[in-house]
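First subunit A sits with subunit B, and in the next complex the same chain sits with subunit C.
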Partner chain A sequence: MPLLSTLLSQDIPQNFYKLQLHIYSGLFCIGLLGFLYLSSPIVSRRTYLSENALSPGLVSNDLSISNERIRQIMAQLRAGFKDKNIANVIQSMLIENGIEAYKQNIGINSTDKQEENIYGIVRAPRLASTESIILVAPLYVRIQTNTQQVKANLFGIAHTLATGFTLHRKPYMAKDIILLFPTAQENGTRAWLDAYFNSKPDSIPLDAHAGSIQAGLALEFPHEKFYSIDLRHNGINGQLPNLDLINTVIQLCDKNSIAASLYNIYVDLSANDLGYDYVIKSTRTLLLNVLTLATGISDGVHGQFLHYRIEMITLFGSLEKHHEYQNSPITIRAFDDVIEGFIRSLNNLLERFHQSFFFYLHINRRNFVSIATYMVPLGLIVLPALIRSLVLYMSFFASSTSTPTNTNVTHGRTMKFHVNYSPIFFEILECLALSYVLMWIPLKLSFLGIWLITMFLSPIFLCPLRSNERQFDYFQFILLLTGSAILGCLSLLNYSMAFLVACFLMPCYLIAGCTKFEYWFVKIICRFLFITFLNPLVFLALYHYLTRLLIAGTLVLPDFVQFTNDLETYFASYRLFNAWTVDVICLTIIPLWLVLYRSTFWIRN
Partner chain B sequence: MFDGIESLYIGLGLILRIFLVFSQTRLRNYFEQSGEFVTPLNSWKRVIEGIYLRKLNVSPFLGSVVHETPLSLCFYSKLHTITNGHVESLFIIADLISGFLTYKAAYYILHRLFDQQLKDKATYKDERKMFLLTKADVQKNAYRVLLCAMVNPLSIGTCVAKSSLVFHNLLLTMTFYFFVTYQLLPFILTLCLASSISLYPIVLIVPGLVQFSNNTNNKRSIIRIVFILILFIMVNISILYLNFYLNHQSWSFIDAIYSFIFHVPDYTPNIGIFWYFFTEMFEHFRSLFVWTFQMHVLIVYLLPFTIRLRNDPAFLFWLLCAIFCIFKSYPAYGDVAFYFNYLPIWSFLFRYVRQGLVITCMMIVAALMTPITWYLWIYAGSANANFYFAMTFIFNIAQTFLLSDLIYAYLKQQFFIKNGLTIPRINGFEGQLEFT
Partner chain C sequence: MFLRYFLTVLLFCFTSALDPFEKFAESTTRHTNNWAILVDTSRFWFNYRHVANVLSIYRSVKRLGIPDSNIILMLADDMACNPRNPRPAEIFNNVAEQINVYGDDVEVDYRGYDVTVENFVRVLTNRLPEVTPVSKRLLSDESSNIFIYMTGHGGDGFLKFQDNEEISAVELADVIEQMWRKKRYHELFFVVDTCQAATLFEKFYSPNILAVGSSKRGEDSLSHHVDPKIGVYVIDRFTYYALEFLEKLKQDSQKTINDFFHCCPKHLCISEVTWRTDLFTKRDYHKTLLTDFIGNVRRTEIVMLNNQLLDNIIINSTLNQTFDKQDESKQEFTYISQMPILD
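Then we have the complex of A and B:
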């Protein structure tokens, strides 16, 4: 190790300082474009089945459920729903067919009625209940067009029951099948899971258990007819099920020529050359994937299962026709094959799902980008923050002074200025304290508005940072490092959220950095930008609008009422989902944003 | 008793600890279960188990649950009965005392450095005066040490997790304190106790020999060295026999403690390098690598560092502590906290540290990412052991960088003091000396 090596590398070239702004904004834009480029067929990979034991669709079909049988079950269920004793109806049907069935009381709902989960266990004849598969059919499901409204899941329940009845006593079953009919969607599911795994101290243990649950399927069919199946796989907090599981279902659907869509977008892959339609639809899928995962809540009951490490997706019976000349709904026979194939594949499984990918983004049902690829755009977006912090850091130190007699006097790596830490510390503390209020107030749009205005006014009633230019640089250096660290952590936990947060924070950093220019109007413009475009609520509204645009696929007008409604629903329900999105935003992102906003008010002394 | 700043800092530490221990149950549970803070060697749960087994007259060392010495188990069971099971406050007190002793030790070290400088001042040229510590610096750096010990999240976490490392660290801090204040007998006693618990502090006898072997006219005397060695061995043997009698005349604790530390049979993930390496390795190479790894901790650095740093035993002591805290078989964040808290003493070396930014960033990233990768591995199931190990590995690399950089800085500073600060310019740049 050279003992006399200089402690500083050479100074940053002056040209770089001139080009700084261009480089940062350039990298940011390249990152954004790079993200969109992910949907191109060159970058994305084709899906494949990594777990050989699954081999979907190879078993010859063995179950034959007649239409008559399904209709008969549906008639019984319909009567049950009408008389409001659906729980008893399902239980007695299960017991009649020789399947053990239990009820779980989960308390009283808003209309003063007892809510009960029903579940049955089809015991496997080959093995002693060591492993199991779960089929979930919520009693009521949200309908496609309006997420507030619920409808009885007649077809889903009927089909789950019929599958259970026919698989009962099949000699090849090596895994138990749990048939679960949760009431009150996520709420009921969560109560059942908490009781099953005994994870809450106050939950009453269930009457019966099956083997450890490997994987499963949730069936949501609000309509008795459906023309395509929508696969829903978003878990809570950005968790995703193993890609093999989704591929199994897609493979089976394709085999039975059922159109399987993601986010209601079906990409026709049969065409020889990938045209304009492919690109648009793939980009829409990709963006919707990111935008919906970022919320941290799931789009079906499967999210709760993923939380307990049970791989699961939801099949939703959609009314949209994706095949060109399709007039008739999907036959029960075809759908049967999918369910049977799925269960038989899982039945073959020797280990838990571990092969394939857990971190991926879908482009369409047959193409995806893995974590190695999609991290690159995020890296490019965050790179300016890292470069800038390095540039700042290098400008802090001096190592030696020249003397006239051709020698240098070394001081080691000394800072060119003295840093006074206390104002920086108190500034950050103030911002943290101010944003922690968000954690405790009941979140409503009106409260958010009031709180935002308080934040915007905070530089007036709380004294803003006073420092000299060097110290301001140091302050920014700390903020840049904190921001990059937070984004780095988030990117592993919930990539989509990290991506959106990066898109929001990086311009904030840029504008906060611009306040170093002396002109007063620059500062005014910066503050104005913070209040308008970089306002979290505005960003949220834009995000909401973008999601709606993408879901609709055509131009829709911004709808403020729907935005408020959706926001209220989200705030009311996110706790139910076990999601931490709001906590993370309140504890890390908002304070950071507030510090950046307040730093536009810094006073030179 | 305490002056203003001391009481302010200690009060701050006390409030933080009380707040976290008594009001944040979820956080406390997290700390008590996290592998980064609690290892089999220092988990309080295991100590409780040991206390009950002792009460039931069952040997606590059967099975692989308890890894505390009979003496410390006896001590903990006394604490447990005195406080009726509510030991949290004792942990806080022990942590604060060790923080304060750290501060006192730091103050002595800095004072000694200052005195040394006063003595050598005559030989310095003018331009080197900028190195000199001032009286204010001594106090300021000592205060920094105290502040660091009080708010260091790693020490607080160890205290909240109720890791018995708090008491081990207290013992080690006492050793260091007696070391810098030239109290031979207490030093030997605490050192032997500390090494009887966790084995590795045994190497600290070497800086002890360097420190205490000087006789009145500043020459090393062989007689003193032999005397200290004999004393050390005697005390060690008597502690071993005390443990033997406390354990109902059975040597079973040797297997449960020293063999457990040395042979590393427990692969519970922690922040060290042992567990991953030994899970990945073929079983028949095991003993070779056990010996290699343990030699690496205990012996490899001992002689070169002792020879090079013989004139600064305090730095040597700290460096050896840091080395075994990094490379020991079951390290926890508490070990890291132990040597971290002394860092501000050597803040005058920081100007020669070359990778300050890299080290800081690596440490922060690793500390933030470790729980995340753990969550992804154990709870979400979407990552695996490699992710977690990568993060702990980064943490270890950062620590080794820190140590090597500090040694480099120390040597560089010594060089400058001896040779002056002017460096000739060659081709317009500072001249460099490289070994090629």
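Then we have the complex of A and C:
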């Protein structure tokens, strides 16, 4: 096996050169198909609990929260919401029941009203506050159908309060319970967390702290009667809670016959053979998992807590009926059993969640693939880039026996041509500067459109470098390595985003490389493809449409207005979540794409 | 001269037949005291059943006669006062929750982080610091029968102590050999209730050892049942059925070691109870009483005074009491109950 440093282009079999295009596109397609194949039972695994101490459902239920009590609490809460002094109402209810309660001011909102978070701490009776768990019930939650509208989270707050009241002074609670009622969803939660952990230099510390927070649950129930629970576990920037936490909740829900859906998709696992239904739903769950994680924002307040590595998921009361023949809503008893079982399971733990997976993709609520499995399709998709760069590398060097005319000695190897580095450097700098503009302009669709058209016309006013084939190859080689490195780093941080970016970039590389062909219409076609299909906005639109299709489950028509609204909402709010998606794309992927587009203009006949 | 020699031999033979010492010599091949070492090696709340195992065996051992001074009890964690215990200060070994095995008369000798491999080995070989009190020492001699019971999490050839160290089967065999060389036991009965228990005693090579484990190599020992009000498994299978067997024992019971070996057949224990008797050569284990190990030997002399037992009368020193040998009548002798435990 010859060393890498002595490989020459004559070592590659000639057949390979003829079949290069086929091999690369073949690997790319196999990678994509392999990703879809992850949902098969041969590749995916059944979920299991790694932490034996959890034992969900082993202890019988001890709390009995009566319907009358819940109704009482909800009546008080309703009055509080109507009179707009919900913070005082909750605080007085907590203090009446002997639980320490505090308020935190987080500023003035748009209607000139003081925004306040309320939190109470139920202390462990027999232990110093070494560990704690947290129950979060935001004051207002977004409803399912329209994410712009918010409703008061009466059910969630009432049940959090009732659970806190009954667990107060129980002798078996070994951890503190923090009951948090944040206002303004993510804003309020973020302010509370920053103050609790004192992570911002100008944040005012909170009045009281509990033990080190290990895990928790967020309850979002806009409707008082709901038919299933939607588990939301997407964190910020692709973070996910520990799989043990989700498995505990799912086990408890199954025990109480509550339909627990992921992304509003519920797969019926009672049948032994896989039907068409199972395959479709599992693929939908898998794809939605990746597509929603790629945005880097979370679909509930739990994302903020995951940022501080407090394992948490959001339980959302959904109106979808998933069980066959289900006519009645979920009973309060069943729901309270789930919450109580969850708290008792967490109570058994001594350490944070550390046994189970942190990187996984769900197929359905009982099957998943871990990082070891789902990295392989991404590897297959990026492999063409690495092979191509190796092939190009080998073609640069002349063998020592041949008598070259135009050689360049570089560290022991003689290159066949002289490389002009400064145009390459300037080209990259220009593209970086052009993309950096995106960080400054307000990200609305109209501005983005203008920017994009400017980019398409950039080869006219910003002259791209004229190069021969050799220079072009060398530049491609550098770009391929850069792209692979960026994708590699990204895959470790946010796999889903890396996957989508790879699906976008690999065709770009292919088309850019195709401009080497001699025929003039190939170059025109390549440039045309870049302008129409391979540009970021179109890719975003396709991505948005695909996500809508998968969420709906049926065929929906593309809606441009919806796309515009969603995009602008996303750009306006992504900073709130500490997400770096847009920044990374603007600074690394867009320059890369721009250079690839401009490279179609380099080789002139 | 020959006659003198012949008479000496005859005299020797007669005295050896009638020698009162002979009977005593024979009786010194029996044990004179009993010791018990009961070890629980696991920590954490969900290992509640191991502590309940040991305390139940402790209860049986004490009921059958071994006093606290001869029992070394090691508990690695405090379940009774664990903040997760919904019944504080109480440990139950059954879902019926009728017996609190952590009652008033439980004396724990080694607790918490003191239960380590080093302390266990030091106790067995008596290489403890001088300041160690007598209650923490195993003061056995060459005529002691020792009963060792260990429970916790084990594996192939080791037993895990406290989640951060292990004792291996080879090490344990060497420790027992040290005990034999130091003449610290007469006979040893070794009971283990862990996963792959039989691998822990397969390396023993000292004489006079009987050993039984709740499972063989590659098998897990299973727990018996859960107490839903506490939320943990409360007893292991082998110990549960061993306790059923031991609860029926009385101090004068004639049940043998072989009966104890068969107390948990495979359909009850699910794992295969494995035992080892090849080192126990002097006697037949089919005929060895279980109370040789788990009971207590007490050679008591009952002194009669006016045909009445001594502790039933008040001695008045001004009275002149004489006892008449002829007034001795046949009496029924029974063991006095050693301590006021309700049976």
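Just so we're on the same page, the second predicted complex is superposed on the first by the 581 of 605 C-alpha atoms of A that agree within 3 Å, B and C clash if a C-alpha of one lies under 4 Å from a C-alpha of the other, contacts with A are read in each partner's own complex, and residues count from 1 in each chain.
One rule holds in what follows: contacts are C-beta pairs under 8 Å (C-beta built on N, C-alpha and C of every residue); 3 or more make two chains touch, one makes a residue touch a chain.
Everything quoted here is computed from the prediction, not taken from an experiment.
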item	value
Touching partner for A:Asn347 - first (subunit B), second (subunit C), both, neither	second
First, second, both or neither for A:Ala174, with subunit B first and subunit C second	second
Most subunit A residues touched (candidates subunit B, subunit C)	B
Touching partner for A:Ser60 - first (subunit B), second (subunit C), both, neither	second
Which superposed partner A:Tyr393 touches (first subunit B, second subunit C, both, neither)	first
Touched partner set for A:Ile524, first subunit B, second subunit C, both or neither	neither
Touched partner set for A:Leu546, first subunit B, second subunit C, both or neither	neither
First (subunit B), second (subunit C), both or neither touched by A:Leu457	neither
Residues of subunit A contacting subunit B in one complex and subunit C in the other	none
Residues of subunit C touching subunit A in the complex	44-46, 82-86, 88, 226, 228-232
Interface residues, subunit A side, partner subunit B - complex	1-7, 239-240, 309, 352, 354, 358-359, 390, 393, 399-400, 402-403, 406-414, 481, 485, 488-489, 492-493
Sites on subunit B touched by subunit A in the complex	127, 130, 350-354, 356-357, 361, 364-365, 368-369, 372-373, 375-376, 379-383, 408, 411-413, 415-416, 421-425, 429-435
Residues of subunit A that touch subunit C when the two form their complex	52-53, 55, 58-60, 62, 124-127, 170-174, 344, 347-348, 350
